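Chain nomenclature is as follows: A, B, C and D, assigned in order of appearance, with residue numbering initiated at 1 for each chain independently.
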Amino acid sequence: MSRLFAPAPTPRLLAAYLVIGLVGSVILIYLLHRGLGPRGRRWLIAVVTFVAGLFYGLEFYYPVHNRKNFLTDWIEPVSVMIAVIGAFTVGLGIYSLCQVHGRNVARRRPGWPNSLAFFVAFLAMLVFGLWSHYTPVGEPAPKVLPWQNGVYEVLFNGLFAPLQTATFSLLAFYIASAAYRAFRMRTAEAALMMIAAFIVMLGQVPVGAWITSGIPLTSPWAFFRLETLGEWILNWLNMPAQRGIVFGIAVGALAMSLRVWLSLERGTFFSEQR
Amino acid sequence: MTQAPPHGFWQRMQQIPRYYIYALLAGVVIWQLLFPIRLPIAPSRATLGVRDAIRNVPEDKIVIISVDWDASTQPETGPQTQAIIEACFQLKKRFAIMNLAAPMGVKLANDIALRVARRYNAKYGVDWCNWGYKVGQGNFLMAVAKNIPKAVATDFYNKPVSELPMMRGVENISSIGLVVEVTGLAGMTELWLGLIQGPYGTPFASAYTAVMAPGYYPYLDSGQMKGMLVGAKGAAEMETLVNRPGSAVAIMNVQSWAHLLIIVLIVIGNVAYFMGRRRPGEGRR
Amino acid sequence: MNPQLWILSAGAIATVLRGLTAALRDPQLWILWAGAIATLGVYTILYRENPVSRFFEHIFVGLSAGYLLVATWAFNLEGRWWDPMIHERRWYWIFAPVVGFLFYFIYSRRLSWLARLVMGLFFGAGAGTFFREFFPLYSPQLYASFKPLRPDAQVGWAAVILHNWLFVIVLLTVLSYFFFALPHEGRAGRNLGRAALLGRWFMMIAFGAMFGNTVMARISLFIGRMRFLLKDWLGSFIPWLAHRGM
Amino acid sequence: MATLEHANWFMRGLFAAMSAIIVASVLLAQRGREMFIRRIPGLTAIEEAIGRATEMGRPILFSPGLDGIGIITLQALAILAYIVRLAAAQATRLIVAIRASEVYPVAEEVVREAYDAAGRPEAYRPEDIRFISDEQFAYALGTVGLMARERVATNFLFGGFYAEALILTENGRALGAVQVAGTPDPTQIPFFIATCDYVVIGDEFYAASAYLTREPTLTGSLVGQDIVKGILVALVLLGVGIATYLGGAANEAHNLLWQALARGSQ
C-alpha cells in the first residue's frame, strides 16, 4: 500500500502521475454521475458519511496494544488530507460575494459605487498581501519598508483592523442606550438577573473593590466584599449552572452527530432537494 | 416616537433621546482617559493560574499560543496576547504563535511579538516563531498531535518549520509544554481540550473575551484548564504581574466609571418606568 | 460668530493641518491617520445610516475577502499542498483539489448531489471527531462533579454547604430544566416542574454573570478605540495628550 | 492528570449504550411510535402575545434570526408556521423580517402553507414577507424602522441572534411592544431576558419546534436525549454518593467511578 503512495522518482514521471490521477478521478466522477440514479446517489452519500465517521470514531474506541490499534497510524495522514481539502472551499464565500457585487456593478444598481469599492479593496489586499508575503523583510525590520510592504501595512493596520474594531465598539453605545431605555426589572427573573449582574460587574472593576474595601480581609464578613462575592457567584453559582448547560449541549451534540453519521435526518428539512 | 406626548416628569425622563446617552458615555470615557483616577488591580486566582502554567513549562518544551481572535475583540485579546508573550520572554519559555480560525489573528499577534521581542532582544526562529493560520480545525490538531513538521509545513515567513532552530526536536505533541488559547470564538477550547489536552494531558490555559468567560468556569473547576484571563480585566492583571502596565490597565481604570454609569442608567431607567406606571391614563399596561 | 470662537476654530484647524502634513512624510503616521478616519467614518452610523458608513462597510468586506484568500494560500495551500505535490513529488495530492472542487457543484442543479457527497464526507468526519472528543472533553466534567457532601480534615461544614451542597443542587435543578419527555403533571411531575423552575432561577444568576461580563467586554472595546483616537492619533501631534498616561 | 488517548471498557460500554438509546428512539419515532413531548411554557407566552396584538388591532413582527438555511433557522420557521396559524385564526396581520437571502423563499413557502392550513389562504400577503438587508447591523436598524412605521404590537424573535439582538429588542421595548424570544445559543439570552416578556432558553428552543411539528426525528431524538441525560444524572448522584462515603481526601484515588472515567486504556 505505501509503495503505491511513494513519491514519483523524476519530474517527468510526476507530471504523468498527476495527469493520470486527474483524468482518472474525473472519469470516475463522470461514471458515478451517469451510473447512479437518485436512490443510488443517496445511498453513496450515506455510505461515505458513515465510513468517514466510523474511521475517526472507531480508532478511539477500538482496543489497543501499547497505545496503538490498526487505525492509529492512518489518523495523521487522513486528517492532513481532509484539512487541505477543506482549504479549497475558501472560494465558496468569495464566489457568492463577487456574484452579488458583480451584478450590482454590471446593472448599475443603486449603490453600485460601493460594490466597485468592494472589488478595489478585495484586489488591493490580494495583490499587496501576496506581494509583501513573497518579499519578507526579515528581522529586525528595516526603518523604511519596501513600498509594497508599506502599502500592505497601511491596508491591514490602517484600514482593515480599525474598521472592524470600530464597528464592534459601536456596541458600547447600544448597551448604554439600552441600559437606560430598555433594561426593565419587569419580571422577577429579570430582577434576579440584574442584581447578580450588578454584583459581578462591580466585583470585576477596581472601583467595586474600593467600595467595599472597608470590610477587613480577615473578618468573617469579608465574604461580602464585592470582589469576593463576585468571585463566589462566578465560581459557585454560575459554574454549576453552566455545567448543567454544558451537559445539555453535550448530549444534544451527541444526538446531532449520531443523526448526521447515520443519515437519520431523512424525515426532517434536510431531505428537501434544493 | 409614536407614544402619547409625555406629560409627567417621569414620562419625559423615559423619552430622553439616545444621543444624550451616547454623549454621556463618551464623556465619562474621555474624562477618565484624560484624568485617570488610578485604583489598585489585584490579580485573581485564575490569572495567577496562567502565569504559573507558563512558569511550570519544562525547559525542553515549547508553548503554543493559539491566537483565535481578530480586530473585533482587539482591545481585550490584544493586551492579553501581549502580556502572555511578555511572560514567556521573562520566564525564558520558547513559544509558537498560530491559530485555527480568524486568519487576521496571526498577523496582529506577529506585530505584537516583533514589538515585544525587540525589548528582550529575542530572535525569531530561536526564542519564538509563528506558524501562521492553519486550516482544518480538529483535523489539523489530530495531525499536529502525531507529526508537527508535516502538519504545519511552513511558517509565517514561508520558511519550512523544520528549519527553524527552536523547532529542532519538536516532533509531536509530547514536545509541547503548554497550550494557551486566546480567543473570542466559541468552540475553539472544546477542540483543544477534546483532541489535545484530554488525550495527551498537555497543560492548557486560556484568555477569553469577557463575553465568553462565564461559560468556561466549569473547565476551570475540573482542572482541564490551569488558568483563565477574563477580558481586559485579566489582561490588566497579567500586565501588573509582568509589571508592564499597558492599555489594559488604562482600560480597566476607565471601566470602573463606565460600569457605575451603566448601573446608574439602569436604576434611573427602572425608577422612571415604575414611577411612570403609577400615573393612570398612561396607556393600557 | 464672536471673535473668540474664530480664534479657537482657526487654532484647531491649524493643529490638524500641521499633524496631517507631518503624517504625509512618515508611513507609520499614514496608518494612524487612516485608522482614525476609518474609525470616525464608522462612528457616523451613530447619528444614522449614511453613505459614508456604508462605503466603509463595503471596503471592509472587500479587504476581509482578500485577506482570507492570501492567508489560505500563503499559510496553507502553498506549504501543505503545492510544495508536497510539486517539490516532494507526492503525486496523490492531486486528489485534494479534485475532491475540494466538488463543493462548487452546489451551484449547479444537476450536479449538486456531488457537492452533497463531499459534504457528507465532511459531516461524517465531523461526527466521528465528536465521538473521539466526547470522553476526553466531558468525562473530566463528570468526575469533577463528584464532590463530597460531608466535611473532613481540611473542609468545615460552612465551606461544604456553601460550595459542594450548593453545587449539586444547582447542577441537578438546571439539568432538570432540560427534561422534555417527562410531563410536569402528576405528583412526580409537579416536583420535576418545581425543580425545573428553581433551575431556571439559578440560570438567571448565571445569565446575570454573563450580562455583567458582556457589558464589560463591549465597553472595553469602545474605551480601546477612544484611547487609540486620543493617545495614538491626536497624541501623535498634540504632545499634551501623549503624556496623559493613558 | 490521567491521559485518555483511547477509551477503556467502561467508556466503550457507556458510549455504546448512550448511542443505542438515541438511535433506537429516533428509529422508533420514524416508524410511527407516538413520542410524548411536554408543552413548554414559551408556547403559552406566544399565544398571550398574539392575543394582545389582536386586542390592539396592530400587526405582529417575526424575525427568524440571522443564520442562513440550517438547523436553527429551519426550526425557527416551524415556530413561525405555528404563529401564522394562530394569527390567521384571529385575523391579525403578520410581518416577517428576513436577513439571509436564501431564507426568503423558504419563509414565503412556510407562511403561505400555514395560511392555507388555517383555512384563510386569502389572508396571505406576499408583501408582508420583507427582505431587510444581509448586513448584520443594517438588518437590525432596518427592522427597527419597520417596527416603528407599522406600529407593531408584538415582536417574536426566534432563531440565531448575535450582537445586534440588543438593537432589535431595545427599540421593541421602547415602542411598548410585547416581546417573546428564543435562541439555543446562550450568549444573547441575558439581553433577551432584560428586554423581553418571556424567553425560551437553550434546548427548549428545539423542544418547541419538536412539540409543534411532531417531526419524528426531532421528537425521537429529544426522548433519547432525555434518557441519556437521566444516565448522566445517575452517574453524578452515584459519584457524589461514593465521594461523600469516602470523604474528600481519598476521593480521587479510590473513587472507582472516577478512575473508570479518567484512566484510558494504555
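Assume a contact is a pair of C-beta atoms (placed from the backbone, for glycine too) under 8 Å apart; a residue touches a chain by one contact, two chains touch by 3 or more.
All figures in this text were calculated on a predicted structure; none of them were measured in a lab.
Colleague: Work out per-chain C-alpha centres and flag the one nearest the whole-protein C-alpha centre.
Modeller: That would be C.
Colleague: Could you work out which chain's C-alpha centre is the most distant one from the centre of subunit D?
Modeller: The most remote chain is B.
Colleague: Using CA atom averages as chain centres, what separation in Å is found between subunit A and subunit C?
Modeller: Averaging C-alpha atoms per chain gives centres 10 Å apart.
Colleague: In angstrom, rounded to a whole number, how far apart do the mean CA points of subunit A and subunit B lie?
Modeller: Here subunit A and subunit B have centroids separated by 17 Å.
Colleague: CA centre of subunit B versus CA centre of subunit D: separation in Å?
Modeller: Chain centroid spacing, subunit B to subunit D, equals 29 Å.
Colleague: Can you list the subunit B residues in contact with two or more other chains?
Modeller: Residues 22, 25, 72-75, 104, 134-135, 138-139, 142, 151, 158, 198-199, 210-211, 214-215, 218, 221, 223, 230, 233, 252, 255, 258-259, 262 of subunit B each touch two or more of the other chains.
Colleague: At least two partner chains per residue is the criterion; list those residues in subunit C.
Modeller: Where subunit C meets two or more other chains at a single residue, that happens at 45-46, 54, 57, 67-68, 72, 74, 76, 80, 125-126, 129, 131-132, 134-137, 140-141, 143, 145, 168, 171-172, 175, 177-178, 200, 203-204, 206-211, 213-216, 219, 221-225.
Colleague: Quick check on subunit A: which residues sit in contact with 2+ other chains?
Modeller: Within subunit A, residues 60-61, 80, 82-84, 86-87, 133, 156-157, 160-165, 167-175, 177, 179, 181-184, 186, 189, 193-194, 197-198, 201, 204-205, 234, 238-240, 242-243, 245-248, 254, 258 contact more than one other chain.
Colleague: What does subunit B use to touch subunit A in their complex?
Modeller: Going through subunit B, the ones touching subunit A are 14, 16, 18, 21-22, 24-25, 39-42, 44-45, 70-75, 104, 107-108, 111, 114, 118, 123-124, 134-140, 142-143, 145-147, 150-151, 157-158, 210, 214-218, 220-221, 230, 233, 252-253, 255-263, 265-266, 268-270, 273.
Colleague: Would you tell me which residues of subunit D are touching subunit B in their complex?
Modeller: Its residues touching subunit B are 1-5, 56, 148, 151, 174-176, 185-187, 264.
Colleague: Flag every residue of subunit D that touches subunit A in the complex, lowest number first.
Modeller: 5-7, 11-12, 15, 18-19, 22-23, 26-27, 30, 71, 74, 137, 163, 166-167, 169-171, 173-174, 186, 190-191, 193-195, 197, 202-203, 206, 215-218, 221, 224-225, 228-229, 232, 265-266
Colleague: So in the complex, which bits of subunit C are touching subunit A?
Modeller: 27, 30-36, 38-39, 41-43, 45-46, 54-70, 72-74, 76-77, 80-81, 85-86, 88-104, 106-107, 111-114, 116-118, 120-132, 134-135, 137-138, 141, 145, 162-163, 166-168, 170-175, 177-178, 199-216, 218-219, 221-225, 228
Colleague: How about subunit A: which of its residues touch subunit B in the complex?
Modeller: So the residues of subunit A touching subunit B come out as 75-76, 79-80, 82-84, 86-87, 133-134, 136, 138-141, 156-157, 160-165, 167-169, 172-173, 175-177, 179-186, 194, 198, 201-202, 204-210, 227, 231, 234-235, 238-240, 242-243, 245-246.
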